[in-house]
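Each of the two complexes below includes subunit A, the first together with subunit B, the second together with subunit C.
Then we have the complex of A and B:
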């Protein structure tokens, strides 16, 4: 219950900026879709006047365009930034807010869990909005082209297999889960960095550097192991090794976070 | 409690998004079916792949229906991999993967590979059953390692490697490896004005190829791909030379160390090693059979009607002829047609332009 309250409180604090982010992304995508269709129509008209046929438009052209890619990039960067900011904002200002948070009786790990769940929920929220927005964009796209009698190529199912979008549209529930676990892993690594850095900052000026070293050191060891054994192993064995390494790293990062959050961070 | 609204609201959005994804993200795609008129047996382990470049799609059609070839969860892919690569076939491939680069052939004596290990060691791998691997190392082989490899073959009980000395395109040499003394000798090759593009059947990847032929180890003539240097002109007027594949059939005489032209300027399709014979299909529907010990040629009528694309699998000829609806498929065993089948897309017609069909 306490964790749920904390999550709710975290969501409340981020609500405004999250809505602004979603607004910007939707504006960017739908605005660009309009401009894209406008341009395609103009090109098609010109081609038709010149007597050239065989011009087709594909949804892939829209997905592969710079503006669309940019909007996805903005969302990713915003979420990475937020994973760090969700901790740092509490250290801001004079009577740092963190002091109060760390002294509430719920326990510090619950704070950690609440922040983690919040970030994952926000990321999933962006996924959800993109799933809906993309389908809507495709409907608009086909409706417009059909109205203008411009030949359309491909289908929605084909379009979403495009490049990085395939990460968002996994081919089974299992794949979806795998992708979420990997995203969660990135968030966990970012959290650990912040906690190590904040745990050390009163002691040394070099805390950010030290934190980077600690976290990347923890990640580097299994990574080198995987790279080294790569040539000796087959696909299934490689996945097994990767799975073990991932479990090990998650364990290590969580322990490290916990240690720094509950022991090293003084109020 | 008032604040719980946030959690609920975001939860609803996520659920709605997941529902949208579940409904729209699953591919319906075109269903293809393989209809066999006679002799289902020869299609049991076969896959007909329908490939389209624009937009890029691949559909695998089997007797059990069609699936998009990228479909399936990671878990299923993992299980597929495990069924294709059982424990007992791994030893040889594992040894092969550890070499810096390697070529592999499949012979009547089992699998063989040669490759580089460290800076100056050449390794020869041999395995009769894929489980036990014999490793022979040839030290001080820098001369061969720093050359362009064309392919290798077995003749007279010894492994031979054709290569370009120092990567000089026209400077072909052959190295003969003696496993008992772990030494090798090299010799210049009379290339008879043709360049050796590669030895037929020698593969670079450790991953098995469906089309790799099983070569006999006592053939005197080794089928090769021949190339020629051509001077081309760019739009800017700049001239450059490029290696172009020559049509026809060329073999390398392992006894006399020279290139022999069997058949020039004729397009041949498919290739099959059977005993000491080499077979391919000519554009006039006949099968060309060459004895790789005497170079004696025979032909026989095989395909009826127009020639499409040809693949030899399990010593049978799979003939694919695209039609307006899909493709006609025929299977020949020697001269006899043993099966006739067709594939077509359900509910779609006239959409088959620029589609390619491959049988695996």
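Then we have the complex of A and C:
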């Protein structure tokens, strides 16, 4: 029950900055779409006046553009930053809010789970917004080109297979699940880093560096195992090994986080 | 009873707490006394698990720490500074199952606080009263108070001292650290004196007062040579 309350509390706290991020993302993308279409139309008109033919535009051109990539990059960086900040902000200042959180009569791992679920909800929320925004952008894109009678190349389905977008538009439910597990793994690693760093900061000035070493060390062994055995295994076995290594790493990270949160954390 | 048994704590190379053991009884006020940097706050935080001890055990009535039964009131607010008193109360109501809103309302009334006031607009004395009200309203069996009189005016101090002898503190064990010992001397049942992370003296305040005719400050002068 406390976990749900904590999730709701965390979501409420992040609401404003999250909406600002979504606003920036949409403004950047729709603004750029307008500028992109304006430029394409101008080029098309110019070519038409010069009597040149064969000019086509694809939605992929828009997706591959620097500004669109930048907007997605901003969202990714913001989410990585938030995964760390969701912990660090509670340690800020003398009257650290973390002191209050740690005295709530609830298991400390409930705090961890609440923060983790919050970050995952924000990421999934951003995915959902990007899905809808991209579909709307495609509608606007095709409507504009049709109105200007500029030939359109490719389809929406082809466009969303582009590069990193395949993560957001997976081919199957299973792929979607795999992507979310991998994203969750990255968030878990970031959480572990913060907790190790916060657990060590009163003991050594090198706590950030040490925390990076601890987390990297924990991830290194399974990674080396995968790399080493990769060449000797069939495809199915490789997937199995990867799955096992991932489970091992998630288990290790969770145990380490739990230990630091319950035994080492100092506020 | 709060039992602190053989606790130790080290920060980097400095041993802050060295094998400290003492008890604090329910229904009594126990005062941790010491000069600055003797580890008083570290002991309170250690009891709450906020700064875990390197060694030793803490038992609350013979059992491990139960946060439903012990409340900690630090010398600063632990809420975001833009919070209003109302928001602090809402948070406490949501997350502390034993939080008594009626008791809180009574304390707000007694301390003449305004629930819509933001924490960053409050004076240090008012903030101390808010912290104390939030702590007491958790309805704990034991209350740990870290420097509740630090930097506050004489009238706020009086209000807080009066609260200690009121019915809201009945049957609660209080473990308090303070430099303003003379203000609460007549309320304290037991004193634990610390020096450089060790207990140097532990005594019943009434015994010292009536048998030896000394105040806590006199004992402190003897011990610290001030």
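Basically, the second predicted complex is superposed on the first by the 265 of 267 C-alpha atoms of A that agree within 3 Å, B and C clash if a C-alpha of one lies under 4 Å from a C-alpha of the other, contacts with A are read in each partner's own complex, and residues count from 1 in each chain.
Basically, a contact is a pair of C-beta atoms (placed from the backbone, for glycine too) under 8 Å apart; a residue touches a chain by one contact, two chains touch by 3 or more.
Values in this document were obtained by computation on a predicted structure and should not be read as measured data.
*Asks:* Clash or fit: subunit B against subunit C, after overlaying the two structures on subunit A?
*Replies:* Aligned on subunit A, subunit B and subunit C fit with no clash.
*Asks:* Does subunit B (first) or subunit C (second) touch A:263, or do both, or does neither?
*Replies:* The answer is second: A:263 touches subunit C but not subunit B.
*Asks:* Does subunit B (first) or subunit C (second) touch A:203, or do both, or does neither?
*Replies:* So A:203 only meets subunit C here.
*Asks:* Here's one for you: vertex at subunit A, rays to subunit B and subunit C, all C-alpha centres; what's the angle to the nearest 10 degrees?
*Replies:* 150
*Asks:* Applying the document's definition of touch, where does A:105 land relative to subunit B and subunit C: first, second, both, or neither?
*Replies:* Second partner only, subunit C.
*Asks:* Can A:135 be said to touch subunit B (first), subunit C (second), both, or neither?
*Replies:* Only subunit B; A:135 stays clear of subunit C.
*Asks:* When the two structures are laid over each other on chain A, which of subunit B and subunit C touches more residues of subunit A?
*Replies:* Of the two chains, more subunit A residues are contacted by B.
*Asks:* For A:58 in the superposed arrangement: first (subunit B), second (subunit C), both or neither?
*Replies:* In the superposition, A:58 touches subunit B alone.
*Asks:* Counting only touches as set out at the top, which of subunit B and subunit C does A:9 meet: first, second, both, neither?
*Replies:* In the superposition, A:9 contacts both subunit B and subunit C.
*Asks:* Determine, under the contact definition given at the top, whether A:148 touches first (subunit B), second (subunit C), both, or neither.
*Replies:* neither
*Asks:* Report for A:39: first if it touches subunit B alone, second if subunit C alone, otherwise both or neither.
*Replies:* After superposition on chain A, A:39 lies in contact with neither partner.
*Asks:* Smallest separation in Å between any Cα of subunit B and any Cα of subunit C in the superposed model?
*Replies:* Between subunit B and subunit C, the shortest C-alpha distance works out to 9 Å.
*Asks:* Per the definitions at the top, what is the overlap between the subunit A residues touching subunit B and those touching subunit C?
*Replies:* 5, 9
*Asks:* Using the touch definition up top, name the residues of subunit A that touch subunit B in the complex.
*Replies:* Per the touch definition, subunit A meets subunit B at residues 4-5, 7-9, 11-12, 15, 58, 60, 121-122, 124-125, 127-132, 135, 153-154, 156-158, 160-161, 169, 171-175, 178, 231-232, 234-236, 239.
*Asks:* Show which residues of subunit A lie in contact with subunit C when the two form their complex.
*Replies:* Interface residues on subunit A, with respect to subunit C: 2, 5-6, 9, 93-97, 99-100, 102-106, 202-204, 263-267.
*Asks:* Under the stated contact criterion, what part of subunit B meets subunit A in this complex?
*Replies:* Those residues of subunit B that touch subunit A are 3-4, 6-7, 10-11, 13-18, 20-21, 24-29, 54-55, 57, 70-76, 78, 81-82, 85, 90, 93-94, 97-98.
*Asks:* In the complex, go through subunit C and note every residue touching subunit A.
*Replies:* 11-12, 45, 48-52, 66-68, 71-72, 74, 76-81, 91, 94-97
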